[in-house]
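I'd like to ask some things about the structure below.
Chain naming follows the written order as A, B and C, and within any one chain the residues start at number 1.
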Amino acid sequence: MSFSLSSGVLVTIIGEAVLQDQLIHLLTKLGVSGYTIIPAQGSGSHGRRMGDMAGYNTNIEIKTIVAATTSDQLLLDLGPLQANHALIAFRQSVDGLFD
Amino acid sequence: MSFSLSSGVLVTIIGEAVLQDQLIHLLTKLGVSGYTIIPAQGSGSHGRRMGDMAGYNTNIEIKTIVAATTSDQLLLDLGPLQANHALIAFRQSVDGLFD
Amino acid sequence: MSFSLSSGVLVTIIGEAVLQDQLIHLLTKLGVSGYTIIPAQGSGSHGRRMGDMAGYNTNIEIKTIVAATTSDQLLLDLGPLQANHALIAFRQSVDGLFD
């Protein structure tokens, strides 16, 4: 089977829904124009920050596939948001059909 | 700890909601009977194709775990859909509890 | 670029929505306090278990990032649920911003 797949880094950001515009702005600043948003519920904590919030929360999950260097910059830029907001982000290498 | 886990390839397809029946038909044709569908919003572009669409869009995310060879065939079969539709697909190796 | 990322194991559990309380109880028992829940639809089968269910179903997807040893225990504890419920679970290594 001969066909060519792209390689990239899937970055998943899960955070409070109020962060949506800020996160999209950050992605746009980095030249990331494609992303997918899914509404989510979060509970408990991913560490103390999320533990500060009681019960169920309205979160969003944003996924995007970017180059490795862009994923570095994205995670670096997301870090300061954790000071005041419940937010996690993680990344994984993927291959497939995308630009 | 002694217990046995399965290994497989998680394929995630994100595309326009109107593709849902076509994607399920494709999965069925490949003998894939198990999948999960989550409604999603997409914006901007994963490349020019998605860039043709304005603003927010109604998308779906379909996930399935298949054998490596099936994931090859699935990505190969999805390719032509990108000519006329906003669609990306990517895969990752996973292990866990599944058949 | 110098910044420090955490490493962990992303565990994704997809199962019948009726399992939600039981799954959260299991996570809590293992000391996992942070997780994300997304409503999902499942269809067909991930093996015979899900094949027993007709048509579309109301499922949930629960995601959490844990230590590797915790992911072992979690998958071990989830196994028995598969006897009576449609449930799959899989894991992947990730790095990023989380505790």
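The working rule: a residue touches a chain if its C-beta (ideal position, glycine included) is under 8 Å from a C-beta of that chain, and two chains touch if they have at least 3 such contacts.
By chain, with names taken from UniProt: A, B, C = P-II family nitrogen regulator.
Computed from a predicted structure; not experimentally measured.
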Equivalent interface positions on chain A and chain C, same or different at half: different
Rotation in the CA alignment of chain A with chain B, degrees, nearest 5: 120
Here the gap between chain A and chain C, centre to centre from mean Cα coordinates and rounded to Å, is 19
Provide the list of chain C residues touching at least two other chains, using ranges where the numbers run on. 38, 92
Can you tell me which positions in chain A touch chain B when the two form their complex? 1, 3, 5, 8, 10, 24, 28, 32-38, 63, 65, 92-99
Can you check the complex and tell me which residues of chain B touch chain A? 11, 14, 38-51, 59, 61, 72-73, 75-76, 78-79, 82, 87-92
